Every structure is written in structure tokens, then in C-alpha cells.
Amino acid sequence: MIEVDELSKQFVVRRGRFRRERHVVEAVRGISFRVERGELLGYLGPNGAGKSTTIKMLTGILVPSSGRVSVAGLDPSRRRIELARRIGAMFGQRVQLWWDLPLLDSFELLRHIYKVPPDRYRASLARFREVLELDPFLHTPVRQLSLGQRIRGELTAAMLHGPELLFLDEPTIGLDVVAKQRVRDFLVEINRDEGVTVLLTTHDLGDIERLCNRLLVIDQGSLIWDGTIADLKERYGGERTLVVDLEEPAPPLELPGARVERVDGPRQWLRFRGSASELTSTVAASARLVDLQIMEPDIEEIVRRIYGGARRER
Amino acid sequence: MVEPVLVWRRLVGAQIRSQFQYRLSFTIDLIGNFLISFIDFLAVLVIFHNVTQLGTWRVREVAFLYAFSSISFALTDLLIGHLDQFPQKIRDGTFDILLVRPRSTLFQVIGSDFQLRRLGKATQGAIVLAYVVGALDIPWDAGRVAMLIVMVPSAIVIFGSVWVVGSCLAFWTTDGGEFTNAFTYGGNFMSQYPVDILSTWLRRFLAYVVPLAFVCYFPALYILGKPDPLGLPRAVDFLSPLVAVGAAAVASVAWRFAVRHYRSAGG
Amino acid sequence: MRLDWEIAKRGWRRYAAYPWATAAGVFTNTIFGFIQAYILLAVYRHRSDVGGYDTADTLTYVWLAQALIMTVYMFGWQELALRIRDGSIATDLARPLDPQRYWLAYDLGRAPYHFIFRGLIPFAIGAVVFRLHYPSAGDAFAFVLSVTLAVVVSLGFRFLYNSSAFWFIDVRGVMMVSLTVSLFLSGMVMPLAFFPHWLGVVARALPFASIMQTPIDIWLGKHHGASLAGVIALQLLWALVFLALGRLTLRAGRGKLVIQGG
């Protein structure tokens, strides 16, 4: 679906007010990856890392400085309009709907812009109306919608023409918990039921955890991680915590490869690296276990570590 | 070819419906637009309070010119006046979304809004025109009627092209939006008066570079049966539609060039 | 006093931060100046004097007007109205700083920026191309004083119609009508010297002439002695009237906010 090969982008930035000095910024430095049809992956990176620049090159907004890009078999910068029919994009922070018009009017206009056949449009719209519960505000002008309502409208707008590939930039930003869940469920559904490939750019790690099985991490223009979340946790996860409930309170267990972080009556928190099963058997052999729990590291912690680690490696 | 028109018609319909909803606000806007543009006509009257002729033009003739300029500009403003907000669209990144849609960006930008309240100015121009045409005693014939019909659309295309070319600047500097005003609103101002009273360099500029002289001046010379005070051949008066086509071509090329720059220099 | 200076600096900086916008504005003013100059020059092909203005006077008027348009900032100012509409005015009123004093200081910081950076260049260009009238030292001094007062009158007027936002949700209507009337009668569109006599008299009695026409006439040396003192006093009077009315509306507006629980 997407093939990226040594993709690079440099910008010339001018600082100062009137007469500006030239300054070349390497926003994206030779990144390469592939995305297969039907994947739902996350694209992560600190601000200014090159995320939006990459997305812009994938969607045809920006022309790359060098490297090869192929999206749905097309070169985005050369065949922008052709590609546009097959992809959908939604930028959470920017409004793509017509501000003064009722939501439905925006949909109708987009239908004409994308030349969607009437019956397919009706079916599509009906589905989104149901899943995203659009009916209560379908006739309200966009400027009067709440953020959650607008996001749902924008998602619909991005998908009305039935794209094969969806680019979502911060789709859940600013939403409350309930709204976030609704959007996430929706994305899982369309990915699973319709095989829509989704590339999700986000800072929301909840989105990542719940939606993505694969993650791309970019920092300072380079791709520093491309793999599954499980692998990510293992590689960068560092220490995990095994919480054991013993039959009766005991002094801190002394076990190889683990240190006791905390003791509270019969419960002890053990920090360890590596395999949980090994440690579990060791604990079971040394004491009488009633119950245990493995606590995964926070993905936030992991991401922070990646950013930090990548920087250190440089 | 028909297609973009359909999309645009939808937009117009939607905007009309939406703007009509707030009837009071809309009426106020309409009246306000009418009043503000009426000042321009008062200026013409003030001038003619002091002289009976401006160059070789008498007050009714200038009023005729003024009326057409007003109507043409108002209709252009109606259709693409929202281009004034274009620098803002670049600034807040909303332009990028247009690049993800399967349509030409110029078409999308022009077709993105529709300012119904500008009809206030158009109405004002129409009133002046109605009043003046009766008083002018124009020897109407087929040629003149044809010119009348062709004049306003050509004027709109020329004004519109100038507006588009000016807006291209927003791709390079978002603060410089006002440069365009010199040509759009300045163009409106200057086309209300006979071009022959301007100095040579300005006249030539307005005929050959930014062809605003073709908006009303030359067609009006023909309709009023006035010889060009500067001696240009009568044929020039018929050039407006051609100039319009040329201007549109220039605007289209300029826009494409500007977008290409935007897409390689960074969104 | 120190506070006023700080506020004034902020007013200056707000516009100094966008040099390209200023440049674009200079360009626009220059173009408009040329167009208007030629149009009015055409009038002088048929007469040598209009309402006491000769050619040099009228041309000077054109370029001074272009220089003063942004300096006095007659139109397009809605900042106060916007603050009233979105409620931030409540915070402003809760502070120990009087809003009118704030906006006045702000504007007095902004005006010099616009006069120097948007006004001087078009004027200089006009001066190179056309033969203009230059004031005597005394007139120049009076001009500066008059422009300052003009800015205050303009601010007072703008403050007043902006505060109608306390009562009207959409200030646009009020603004449109105010602008139409004020722009025309201020001498910004056509010099008042061109107006029919009766209209000229009416216009000069109204506050709007104090915003544009008065400083220009002083530069042109049209006022001396008692007449000079008279127009300056009139500017001062209108400034005080507008400011006083502004304070009243502010108080009334504050009362309305309290009732609404804002």
C-alpha cells in the first residue's frame, strides 16, 4: 500500500524579520518503510520530529527533496488528484468542513467534489450516521458544533468517498474519554470490517495502545523504531513489576534478577527484567503464593525512553 | 466542464440558505455594504459639484462608468472576495486539505465561499445605472447591446484574475496580503473614473500590464460613442473579452506556479 | 505614567512585529495616492481654485490623507467590541486599570508607528513626483499637535461605537453606518474644500472633520491666529466629549454585565 524509500525533505528557513539568513533544515532524513494493505499503524514522534512532513509527502501536499514514495501504486507528488480519490485525510487541528454551513451541506459538497455515486453516498452516510451518532447535529452549522461533534463530522467527511487508505493526524485531540472511545472503536471497526489501511499520527498513547499493532517512531527526521508494540515494550520496556500476594507477610524475598521495591503486609512489589515466567517459578518455589499480577510499564515511559535513547545513541 | 459548475452551484445554494437564516444580520450587512459603496458615488458627485467636465467626460458619462465599475466589482467581490482571507488559510494550514482532494486547488479556493452581502454594492451601482442610462440618450444598436452583455462578465473575469494573481503572493509571505488590495480595491477605485485623466505611465500600466482599463473604460467609450481622447483605434474597445481570456490564463499559470512553490518549499 | 508608556510601547510593537504587512500597506497607500492625485488634478484642468485649495494644496491633501489614514485608524478597529463579545471585558473591568485609559495609551503608541512607517514613505514618494505645499515651522508644530488630538478624537469615537457591543451582539451594523457617515464627513474621501458650501459648514462642525481635515488644513496653512486656536480647541473639545461619552457607556455597560452576572 505504501512504499517509502530513502525519503528526504529539506527546507530552507529564513530567520529574522526583513533580511533573513538562510538555514537548511533537514526535516526528514532518508526514512524507509512499507505498509501493507489493511494495517492499522501508529506514527509517533516528538514535535518537530518530521511526522507531519512525512504525512504531507505521502498525501501529495509536499514534494520530497529526494527518495521514492509510492502510495497505492502512485507517486503522490505527481499524481495528486488521482491519489486523492483513493485516500482520505483528517487533520484534527484543522477544520476541513465549511464553517458556516450545516454539517450535512458539507457532506453534500464533498460528495460532489469526490463524485460519489448517489446510492453509495447514501449508504455510506447512513452508516456513519448510525455508528458515529450524527443525527442530533446533522443540520447544525459547523461553527456551532462542540469539538467532539466536529471531530465526528470530520471523520465522516474524510471517509464518505470510501477511501482505501486513511491518514489521521491527531484525530482524538481534545476529546473527552467517552468520545475518544467512540472514535477508537469506529477506527477498529472500519479497519477490521472494510480493510481500510489506517496511518494514525498521534501524541495520545492511549490511542496507540488500543488501536495499533505496529508503530513507527520518528525523531529528528529519522525513523528510530519500526515494529510491533510488543517488541517495543520488550526492547525498551526496561523493568516490569511483579506484584505477589503471599499467604502471610514475610520479609522481602531475595531472588536473583529481581529486587523488592515495596512491601505492604503480604503483598510485595518486585522489579525485574526479562522473562516473567522464570521469575514466577522462582517465587513460587521460594514462598507460598496466593496471587500475582504483572504490571506492564507505561507506554509513555517507554516512548520517553526511546526519544531519550535515540538521542543518546547519536 | 459542467461538473465544477454543479459543485459550485451547490455551494452557492448552501451559502444562500445559510446566510438567509440570519435574516436580520444579513440585511444589516447588505445595507451596510450599500452605504459604504455609496460613498464612492458621493465622491463623484462632489467632484462634479465643482466642474462640469472631467477631461472630456461629463457627469452622466462618468456616472455610467462608475455604475458599471461598481456592478462588476461587486459581482467579482461576491464570487471571490473571500480571497482576502486566503493568507489566513495558508497561515492556519487549511490550504493543505485542499491538496488532498481530487480537484484543482484554484477551483476549490474560488468555490469555497460566496458573499451574498456584496449585492448591496451591486444594487447601488444598478440604481445609478438605471438613473443614468435614461438621461444619456445612448443610440442603442445590436453592437452596443452585445457590448453591454459581454462587458460585465469580461470585467468580472479581469478583476477576478487580478485578484487571483494578487492572492498568489500569500504563498510567499502571509503578512503581505495587503499588496493585493492595491490592485483589487485600487482597481475598483480607478475604474470608476475615466482612465484618460491619469498620467501616461499609469495609463499604460493599466492598459498593458494590469489591464484594468479594459474593465469598463474601453467598452464604455464604445457604448457612449466617445472617441478615445488618446487616439487609440476603435477596435481596442472590443478587446475586453480577449483580455479577459488572457487575464484568466495568466492567473491560472501564476496560481499553478505559486502552488508548486508551496509544495516544494514547505507547507 | 510609566504604565502608560509601557502600554504605548505594546501598541507600537503590535504593528511593528509585521513589517511585511506594513510594507504592503505602504504600497497600497501609494497606489491609492497616485490614483486620487490624478483624478483630482483633472479637476484643476478646468479651474485653478476649489474652495480655497489650489493645485499644490489638493495634491498635498491627497498625500497627507494617505499618510493619516492609518495614523488615525478610522475604520476596522473592533478590538474592544470583540473583547466585550467574548466576555474578556469582565476581566478587564475587574483590573485596577481603566480600559479607556488602556486603549488610549495603546493607540497613542500605535499611531506614531503608523505615521512614521506607513505615512512618511507614500508622502515622500508623492513629494518627489508632485509639487506639494510645505508648512512653516509654526504650522508644522501645530500640525503635530493637531494630529495627536485627531488620534484621540478617533480613539474616542471608535471606543464609543465599539462599546455598543454591550447592547448589540453584532456591532457590524452600527459600525457600517458610523463609518459611512464619519468617513465621508471627515474629509478622507474628498477634501471638505470640494464640498458644497452648506455641507462643508456642517461637516466642519462635526467631530469627524477634526480627525482628518483639521490637521491637513493646518499643514496647508489655512488657519492662523484665532482660527488656528479655534480648530485646535474644537478638536480638544470633541476629544473630551467622546472620551466622556465613552466613560458613560463603559459605566452603563459595566452595570449591564453585573446584572447579567458576568
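Here are some notes:
Which chain is which? They are A, B and C, in the order written, and residues in each are numbered from 1.
Just so it is clear, contacts are C-beta pairs under 8 Å (C-beta built on N, C-alpha and C of every residue); 3 or more make two chains touch, one makes a residue touch a chain.
Please read these numbers as outputs of a predicted model, since none were measured by experiment.
In this assembly, A is the chain whose CA centroid lies farthest from the centroid of chain C.
At the centre of the protein atoms shown, by the Cα-centroid criterion, sits B. Note: centroid distance chain A to chain B, computed from Cα atoms, is 47 Å.
The centroid of the Cα atoms in chain B and the matching centroid in chain C are 29 Å apart.
Between the Cα centres of chain A and chain C there is a gap of 53 Å.
Residue positions of chain C with contacts to 2 or more other chains are 19.
Contacts with at least two other chains are made by no residue of chain B. Against chain A, the residues of chain B that register as touching in their complex are 3, 6-7, 10-11, 14-15, 17-19, 92-94, 96-97, 99-104, 108, 112, 263-267. Taken together, the chain C residues at the contact with chain B in this complex read 18-21, 23-25, 27-28, 30-32, 34-36, 38-43, 45-47, 50-51, 170, 172-173, 175-177, 179-180, 183-184, 189-190, 194-196. For chain B in complex with chain C, the residues that touch the partner chain are 25, 28-29, 31-33, 35-36, 38-40, 42-43, 46-47, 49-55, 173, 175-179, 181-183, 185-186, 189-190, 193, 197-199, 202. Chain A makes touch with chain B in their complex at residues 11-12, 27, 52-53, 56, 59-63, 77, 80-82, 84-85, 87-89, 91, 93-96, 98, 100-102, 105, 108-109, 112-115, 141, 167.
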